[in-house]
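The letters A, B, C and D name the chains in turn, as written, and every chain counts its residues from 1.
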Amino acid sequence: MWSFSKIANIIHEWLSQTFNVTWTTIIEMVIAGVAVISLFAVLGLVLVIMERKVSAWMQIRLGPNRVGPKGLLQSLADTLKLLVKEGMTPNGADKFLFNLAPFIAMMVAMLLLAPIAFAKDFQLWDLNIGVLYVSAISSISVISILMAGWASNNKYSLLGAMRSGAQIVSYELSAGLSVLAIVVLTGSLQLSEIVNSQANGWWIFKGHIPAIIAFITFIIAVTAETNRAPFDLAEAESELTAGFHTEYSGMKFALFFLAEYANVFIVCAIGATLFLGGWMPFHIGNWNGFNNIMDWIPSSVWFFGKTFFLIFLIMWFRWTFPRLRIDQLLNLEWKYLLPISMVNILLVTAMAILKWHF
Amino acid sequence: MAFLKLIMFLKDYIKDVFGAIKSLATGMKRTGYYFTHHKEIITQQYPDNRETLHLPERFKGEVVMPHDENNEHRCTGCTACELACPNGTIKVVTKFDITPDGKKKKAIDKLVYHLELCTMCNLCIEACPSDAIKMAQTFEHSVFDRAQLTKVLNKPGSKIMDGVE
Amino acid sequence: MYRETQIVSDVAKTPLTGEGTFTINVGPQHPATHGVLHLVITLNGETILNIEPHLGYIHRSIEKMCESLTYRQFIYVTSRMDYLSAHINNHACALCVEKGMQIEIPSRAQVIRVLMDELTRIASHELWWGAMAMDVGAFTPFFHAFRERETINDIMEETCGARLTMNYMVPGGVMYDIHPNFQKRVKDFLQLYKRKIHEYDELVTGNIIFQNRMKGVGVLTAEDVISYGCTGPVARGSGVSSDIRKLYPYEIYDKLEFDEVLETAGDSFARYLIRLREMNQSIRIVEQLIDNIPEGDFQAKTKAVLKLPKGEFYQRVETARGELGVYIVSEGGTTPYRIKFRSPGFSNLSILNHMVKGSKIGDLIAAMGTLDLVIPDIDR
Amino acid sequence: MTNEELKIKISELLPVATFEEGGEWLNINIEPADWLSFAQQLRNDSSLYFDYLFCLTCIDWKTYLTMVYHLSSTKYRHNIVVKAKLDRNKPEIETVSHIWRTAEFHEREVYEMFGVNFLNHPDLRLLILPDGWEGKNPLRKDFEDPVNMIKL
């Protein structure tokens, strides 16, 4: 079977034969950059159409069905529309920050892509503190939202940004703690090692109940961190019209929109890596025949399958639940999620020390 | 006592958490059901289903005046509809015809109908003593020029049907 | 003497201007105001200090218009007041004219009118339910509510010829007889409704987030409600019996079996439950009547030109939002001398400031949603 | 209480009041000056207990204005109509918005539509009409607006 690592190796070998080391590195970097940007473009298109179809089916509608076969090219048409729209800057806005904010949102999302293992031996940057890097970078995204809210010179935007600040700062905690549970079990911060440690079973199965609790906390926390319903208080359509991006239009709005979906993809990818074994295929004990079939499926398919399953879960939340109020949102974090994850991490530590996990 | 209280608190706490998760799961089950059951979809693909789209015969789309094959209508020009209309939608312009036996007879010249003023209240049709006008089941009324909404209901050259007084 | 219940004392004392307070305009175009309601809100952070409604964005002065329309013509205008209970508005006007002229309505017409009223009430509450869920952030229920509402609209379309502003009730009865399919279609709807109603609870009522959003929000005491003149589900949510159908029965409501739904909590969730249960009561009424539509005329014989005797006539009916009063002052002519519509929405809106002072913006949306405001009804 | 009982009770409270017969409910005509104290009595008297003001409006009779208050009791379920004749050139009456809070909005509406000045009203401003309409009273019979009114 084909795999990403083989393709990468072929390119690498060909480049090394043709150019010297420096040029090889530079060209590889350019290729990686282009790949990331195109991945984002594709992701944006795929996730938007997916969200629209999922919501439509849950709402007993057909969804987009006019552009392209079964409406699959709808998001392409939307992008085109957004591209040609006028990007307006409101009067009295802080022009520099106003224009900078969407790019920061986008940059954060791109940076987060670096340590993710998309397939077997296929990773942009396997740094040894991958988990720490992810939590560190993802907390920058709040700055872009605050910047957008402040610079818009709009009270709705400001309220949305303030809400978002409170929300992301609090939910970082339980997201971090639930990630820590897996770090404790693995004993490493490196994402590739975390994946490798799940060769004989995913952590969600190996880690007993504490891992499941950590998984649920993680999903809730990342839903909040990416500002998705039921935690979309920063946007809160029926309260703040569109929250922090009320004043954005055209491509700048599209960048926020894209960054939201990119963030969803990334947190789901992290979730899949930590809890569902990343690109590791699904194995059952000694069923060798079954395991071989599972191995035959390419590792990238496993990775994207798991990630999209988690993305679907988050979309499912969005199209089912009402939105929380700001004080209830913080209550949920400080009164429920944080104590639970703290107790949970104690349990996990005990389990790791006593080697109770498989 | 304090310990017992803590136990009770913990019990309630855990009960809360599980109750919450259960209520959320019920909702997700419902949306999940609709996600997988596409037969429940109720969308009508409007411009595509024009052939199969049947509006009920009572639907009030616009006022029309039916003419038979001899280009004859039933309107006597009595202006009952004009009086019944709350918005001044209908204007009856009358003229005098000469009947075969030489008498002058009142008849309509034009029955002007302003679709842009009409609220489809059906009062004119109720008021008409000779059933000359009725509601049509059309509903795609948008035009590019407002003037096109002012219509003359009787066809050119039409005359009143025999026997209608 | 009526004493206003004490609202959060800090909020009452906070000055409306000064450091930390700011005003925002909610509306006239805002997703949660369902129309062109304009609220000027004074905030301190997320806490609401004061709400001042600015009305009139859709004011058409229906009362003035009616002064130049005859008693047959003015009814159609009232469909445009509270467009979600158009039938009931028309019904109120027709009843008031009939009261003045002392017309006896055939029993068939009475039953048809009540059936239409109750179907309208269900349709109105369906739409409210969907919009309420959308206000608190759940989008899916809106479409599910429309599935059932659409069925009612189809029934209306078939019998009355229109989906929203029907002008079906005329002084003396109804404009034309029910469609032959009517009974069958209504029975189909009843089946559909019974099959689907439990989903409402699964999707929204039981949901823990929704309950937290609604419980204890916008609490109104019975005294507040009476003093502010709130009616309908808003009053009944605070335990104030205010169903005109029970208190001052019109048409055949005194012969029908149904309960006035009452809740005592007075918060948004109580008002939510009231509306859901009221739908079930309306279903009960429809079930009692649908097989018992008496034979006979659908319209009493009336003169071509209606003239009300000199005098004043007042008719109260229960719309989906509360008590609608039609006050006709007649000088004996063919047109009313003065008409006053006492619309439920106008009084219900006046309590908004009292209701949400001191709570969060999110609560404003949740509380305002349960008032079920229809803006043309407020502005008239 | 029936209309007859109400009539006896109210003539005790306010002997100068006159009554109109024939309507569905008891109609009481009072002088505007008596209104405030009379309203308080209606609201607070334990056997009347009119706690619900369900309609408040005004009628322009071309030579004078009439304020019409429809009152109801949620306890006894009886209704009365109180009418007060106002001078058309300088219509003034005491507000009842502190007795029945619903009057606050209704009085504002009457203020802008008929130009009735409610004394001691907490917030007597235009509610429905936009700024610049002060002094023009659309629901009065002699109101003419050649721009916005369409005569059919």
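Just so it is clear, contacts are C-beta pairs under 8 Å (C-beta built on N, C-alpha and C of every residue); 3 or more make two chains touch, one makes a residue touch a chain.
Predicted, not measured: the structure shown is a model, and the values here were computed from it.
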| item | value |
| --- | --- |
| Given chain A and chain C, the chains that contact each of them | B |
| C-D or A-B, whichever has more C-beta pairs in contact | C-D |
| Farthest chain (mean CA position) relative to chain C | A |
| For chain A paired with chain D, centre-to-centre distance based on mean C-alpha positions, whole Å | 63 |
| Whole-Å gap between the CA centroids of chain C and chain D | 24 |
| Whole-Å gap between the CA centroids of chain A and chain B | 49 |
| Centroid distance [mean C-alpha coordinates] between chain D and chain B, Å | 40 |
| Shared interface positions of chain A, touching two or more other chains | 58-61, 319-321 |
| Residues of chain C whose C-beta touches two or more other chains | 140, 147, 203-204, 207, 209 |
| Residues of chain D whose C-beta touches two or more other chains | 152 |
| Partner chain A, residues of chain C touching it in the complex | 22, 24, 30-32, 46, 133-140, 142-144, 147, 203-204, 207, 209-210, 212-213, 360-366 |
| Footprint of chain B on chain A - complex, ascending | 54, 57-62, 65, 316-317, 319-321, 336, 340 |
| Residue numbers on chain B that touch chain C, as the complex places them | 19-20, 23-24, 26-27, 29-31, 42, 55-56, 58-60, 84-86, 119-123, 126-127, 135 |
| Chain C-touching residues of chain A, taken from the complex the two chains share | 55, 58-61, 155-156, 159, 163, 229-230, 232-233, 236-241, 319-328 |
| Complex interface listing, chain C residues touching chain D | 1-2, 4, 53-56, 59, 61, 63-64, 68, 224, 226-231, 240-242, 247, 311-314, 316, 323, 325, 327, 329, 337-338, 340, 342, 346-347, 349-351, 354, 379 |
